[in-house]
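Below, chain A partners chain B and then partners chain C, in two separate complexes.
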Partner chain A sequence: MEDFIARYGFLFVTILQQALLGLSLYFPLMTGQLSLASIGFYALGGYVAAIMGTHPELAPLRETLGFFLYPLEWLVALAASTLLGVALGYPALRLRGIYLALATIAFVLTLGVVVLSLPIAGGAVGIFAIPQPFEDRLAYAWFFGPLLALTVFFLWRLERSGTGRLFFSIREDELAAAAMGVNVTARKVQAFVIGCALAGVVGAMSAPLLNTWNARQGTFDAAVACLAYVLIGGARSKWGALLGAALLVSLPELLRPLKDSRMILNGLVLVLACVYMPQGIAGLFARRRS
Partner chain B sequence: MRRLLSCLALLFVLAAPAMAEPVAKPIPIGIAVATTSNVALFGEEQVNGARIAEAYFNAQGGVNGTPIKLVIQDTAGDEAGAVNAFQSLISAKVVGIIGPTLSQQAFAAAPLAERAKVPVVAPSNTAKGIPQIGEYISRISAPMTVVAPISLKKALAINPNIKKVAVLFAQNDAFSTSETSVFQEAIKTLNLTMVSVQKFQTTDTDFTTQVTAILGARADLVVISGLAADSGNLVKQLRQFGYKGQIVGGNGLNSPNMFPVCGALCEGILVAQAYSPMAELPVNRDFVKKFTEAYKKAPAQFSAQAFTAVQAVVEALRKAEKDTKKKITSMELAEARQAVNKALLSGMVIHSPLGEISLDRQGEVIQKQFYVSTIKMNPDKKTGAFVLTK
Partner chain C sequence: MSLAWFLQNLLNGLSIGSVYAVFALGYTLVFSILGIINFAHGAVFTLGAYLTYVLAVGEFGLNGMLAGVTLPFKLPFALALLVGAALSGLAGVAVERMAFRPLRKRGADALLALVSSLGVALILVNFIQYLFGAEIYSFPPDILGDLPPAMLFQVGEEFVAVRTIQAVLFGVSLLMLLLLVWFIQFTKRGKALRAMAENPETASLLGINVDTFVLGTFFISGVLGGLSGTLIGVSFGLAGPYFGVSYGLKTLAVIVLGGLGSIPGAVLGGLVIGLAEAFLPPDLSSFKEAVAYALLFIVLLVRPQGLLGHNAEEKV
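Showing the complex of A and B:
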């Protein structure tokens, strides 16, 4: 048992973390908007936490706060992500469909180059030796677990609230929603910013988990991986992101005994999932229920 | 009764890991490098080098008669993958780990080995602060602080009229950014003028902006710190736009993978190397011979470094047996891991394909020999060689 926990503890935490990132994409998807920006905010949140955790000038602050430094990092990341999310969201969400996706990719790439040019972010090596709140990686479940539970609960309430229904109305038919008097842009920005804020906080929690933070965390590849969680899991249900992340993150690890052929099998499973489950894994459950 | 039995069986399984564990025979050594993802090109070279080392040292009798066995785990190109591979190797009861491929991955994964008290020898991490991660972390890959200035002096020896230098570096590559600062420092000490500093990304293919700026600055020496594919394209475009002067490349250009990219235009580049297959050392001659037989090409630096890392662990195992007067396989795992680390950091001299190297108390490598080579292309314009500059 001890061995099992040591071996798969980090994997379990990674699943929670990636599921949260997947959920951060689900918020804009509630309004039917395909955004890849989450990973940029994730990187931003991580940098906030990494700088607050290691910058020499902040040493007195760290000493006075102790463990409360971590919640403060989350709050700062939340504030920064929200501000940037609003600033990015208003112009970007006037775009539709593929153009919005492109704009968000452009944002992710720009952020990457900006970060590489900022001396405070440590250049290509990034920032390392970030203070750790826990010895054991599994203990990070105390960070990600409650956040995930909170997010799912929030989504559950949101989907049943007026705001949630407004979101869904835009997803089903944007023109009709606008004709009914829904402030389409404002609602889209609202959903987008919630997703950005969530990704920022997840990033702030992840920097201590990885012990290091660099520009490679916020790449286009990572953005596509997050999108894959939602698409494989099911884009029309909040459980989709969770299931997708669990499958995609754990599969390469569980297949590790297969050595070199594991990535082939991994790819095969993904292709089959796309072909035979167009509604994602969550779609499969929904069909069975109905 | 059956329920009771299964309960007992479960209890036994749970209790098993708590018992003392001996070292397995053959002695398992972990290799955690990137054999998939966009770093796989390097990871494959590392695996090839390590495999040659496994066969080579086992043919010598392994660790005083006990053979070694490599346990290879893929880290992929990211930090989480490196953590998982390290964790998997620690659970596989290896006596030491060689890896990971990238410095950034080391910052994420090495603390794990440090906590588990498993010695790590980094074969290709050159960023500042790697041996400082902990007591159990060391490396055999040297940063380019010595060789960079030498390669500049060679360029000056070829053309003493060089005055204006342009510097280019891959901004998103950890190795290149640290190497360029060494180059820039050396340019200042040599009283040369730095007329332009240009950045690029390792994923770039179009370098028009950078090349135009350099031609505009009328540089008569160009210094490049990047990786094989991007630097190859950069050199190609520099030449095609009409740059005639000398080009000095950093250690990232020390790869035959660059030849097909810039073809005949690679000719004459001076390259600073931490390893040269042409180095006249007995162990290097053996290594190059075995490697060429197995893979039909000369070993790249990553392969030689992986070989050296395995060699360091093997020699540490031998030394540990000698110092403790006990067989490694009769030790408990934790004891063996500790003994290996102690031997690694004891300052023992390793005669490796990289030349004579040793590790200091902190685990930082001390490498004596570096090389400067000139690229000579073959008439087929696709293959070439690094010829040592006299």
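Showing the complex of A and C:
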């Protein structure tokens, strides 16, 4: 049993973490907007936590706060991501479809290059020796687990609230929603910013988990992976991101005996899922029920 | 800031920019008829470079599956370039069959095609890594035969260096552009392609076999991708199987800058990005990669239809 936990504990925590990133994309998708920006906010949140955890001038603060440093990091990351999310969201969400996807990719890539040249972010090496609250990596489930539960509960409430219905009305028909008096841009920005804030907090929680943080945390590949969780799991259900992350994170582990060719199979899964399960895994269940 | 400095940067920018333009046209052609961005185009670019390398040099690297294998022949560079490009064209066709056709037949969301093309890109890139290994390949310096590596021209007090490879880059790209424009504007098939870009349903009612032409477009797109991959590879080396992906992302900036689906736009965008990179002051060189992305972002916010786009009216 201990062997099992040692082996798969990290995998379990990674699934929780990646599912949260997938959910951060589900928020804009509720309004029908495909954004790839989450990973940029994830990187930002991680840098906030990494800097707060290692910067020499903040040493007295860390000593006073002790364990409460971590919640403070989450709050600062939340605030920073929300601000940047609003600043990015208002101009970007006038765009739709492929244009929004491209603009958010461009944002992620620009952020990656800019971070490389910022001295405070440690350049190409990044920031390392970030203080860790837990020895055991499985213990980080105490960070990600409650956040995930909270997010799913929030989504469950949101989907039944007036705001949630407004989001869905934009997804189903933007023009009709606008004609009914919905402030389309404001709602889209709202959904987008919630997603950004969530990704920022996930980043702040992940920096201690990974112990180091660098520009490789916010790459194009990672952005695509998050998108794949949602689309393969099902873009029209909050469970989609969870299912997709569980499948895609564990797949490379299960396929480990195949070594080099496992990434080929990973790509194959993406293609097959798009072709045969356009509604995602969650879509399969929905169809069975109806 | 002398004249020679200006000419040198102009030259550098134009030669690399013309390759960006050719690469970008591969995206543009597909976008103009299907309204989809083919993210596997960067992987085809990589494939073209590796295929040409093997055909011209005759051997594989040290740590792929094919390590130590030697081909019984070595093609001259020009021929290897053509065969590599043609094989990349076939890879383009395979991409269409795998990632796009099944979705198109079902009338699926265009964004789903984006993800499935990313999946195919993942397959291709890792397949290349499996076969060729993750190491850096660089073409031998005598790949172009006995030509001198560069020629110097005196401008005033200083010299401008024209590297032979730059001349090849510019020459081949220009030739490809002219061929493509001739094909699209002056042949019957080109006319059919333009009709499809205008309206696929009407085109099919008028007796144009849409499936064949889509395949053909992917073939041409693959040829353009493979060719530009080789040109970049000869100039800067092949920095591992993922090198095409980063060029592919940069080239997204090119097509958006010019206007998605616009051919003159892709050419203009390629030259603008090439020149912008060349004229970037040396102390900002760490931002070189960001230039294209930042331009992409700004253009999308300010003028989403691009410099030469007309709000999705004119295509191909």
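We take it that the second predicted complex is superposed on the first by the 284 of 290 C-alpha atoms of A that agree within 3 Å, B and C clash if a C-alpha of one lies under 4 Å from a C-alpha of the other, contacts with A are read in each partner's own complex, and residues count from 1 in each chain.
The rule is short, and it goes like this: contacts are C-beta pairs under 8 Å (C-beta built on N, C-alpha and C of every residue); 3 or more make two chains touch, one makes a residue touch a chain.
No experiment lies behind these values; they were computed from the predicted model shown.
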* To do: Please tell me, clash or fit, for chain B and chain C sharing chain A in the overlay.
  => clash
* Determine, under the contact definition given at the top, whether A:L227 touches first (chain B), second (chain C), both, or neither. => second
* Using the touch definition from the top, say if A:G126 reaches chain B (first), chain C (second), both or neither. => first
* To do: Using the touch definition from the top, say if A:R216 reaches chain B (first), chain C (second), both or neither.
  => first
* Asked: For A:I98, is the partner it touches chain B (first), chain C (second), both, or none of the two (neither)?
  -> second
* After superposition on the shared chain, which partner residues are touched by A:V275: those of chain B (first), chain C (second), both, or neither? -> second
* To do: Would you check which partner chain A:M263 touches, where first means chain B only, second means chain C only, and both and neither mean what they say?
  => both
* Asked: Does the superposition put A:L251 against chain B (first), chain C (second), both, or neither?
  -> neither
* What is the contact status of A:L116 with respect to chain B (first) and chain C (second): first, second, both, or neither? -> both
* Could you tell me which stretches of chain A are touched by chain B in one complex and by chain C in the other? => 113, 116-117, 260, 263
* Structure fact -> chain C contacts chain A in the complex at 36-37, 98-99, 102-103, 106, 108-116, 118-124, 126-127, 129-130, 245, 249, 252-253, 256, 260, 286-287, 289-290, 293-294, 296-297, 300-301, 304
* In their shared complex, at which residues does chain B touch chain A? -> 13-14, 17-18, 35-36, 72-74, 76-81, 83-84, 87-88, 90-91, 103-104, 107-108, 111-112, 115, 127-129, 133, 170-174, 176-178, 199, 201
* Structure fact -> Counting only contacts in the complex, chain A reaches chain C at residues 34, 91-92, 94-95, 97-99, 101-103, 105-107, 109-110, 113-114, 116-117, 220, 224, 227-228, 231, 260-261, 263-264, 266-271, 274-275, 278
* Asked: Considering the complex alone, what residue numbers of chain A touch chain B?
  -> 1-3, 6-7, 10-11, 14, 112-113, 116-117, 123-126, 128-129, 135, 137, 210-212, 214-217, 252-253, 256, 259-260, 262-263
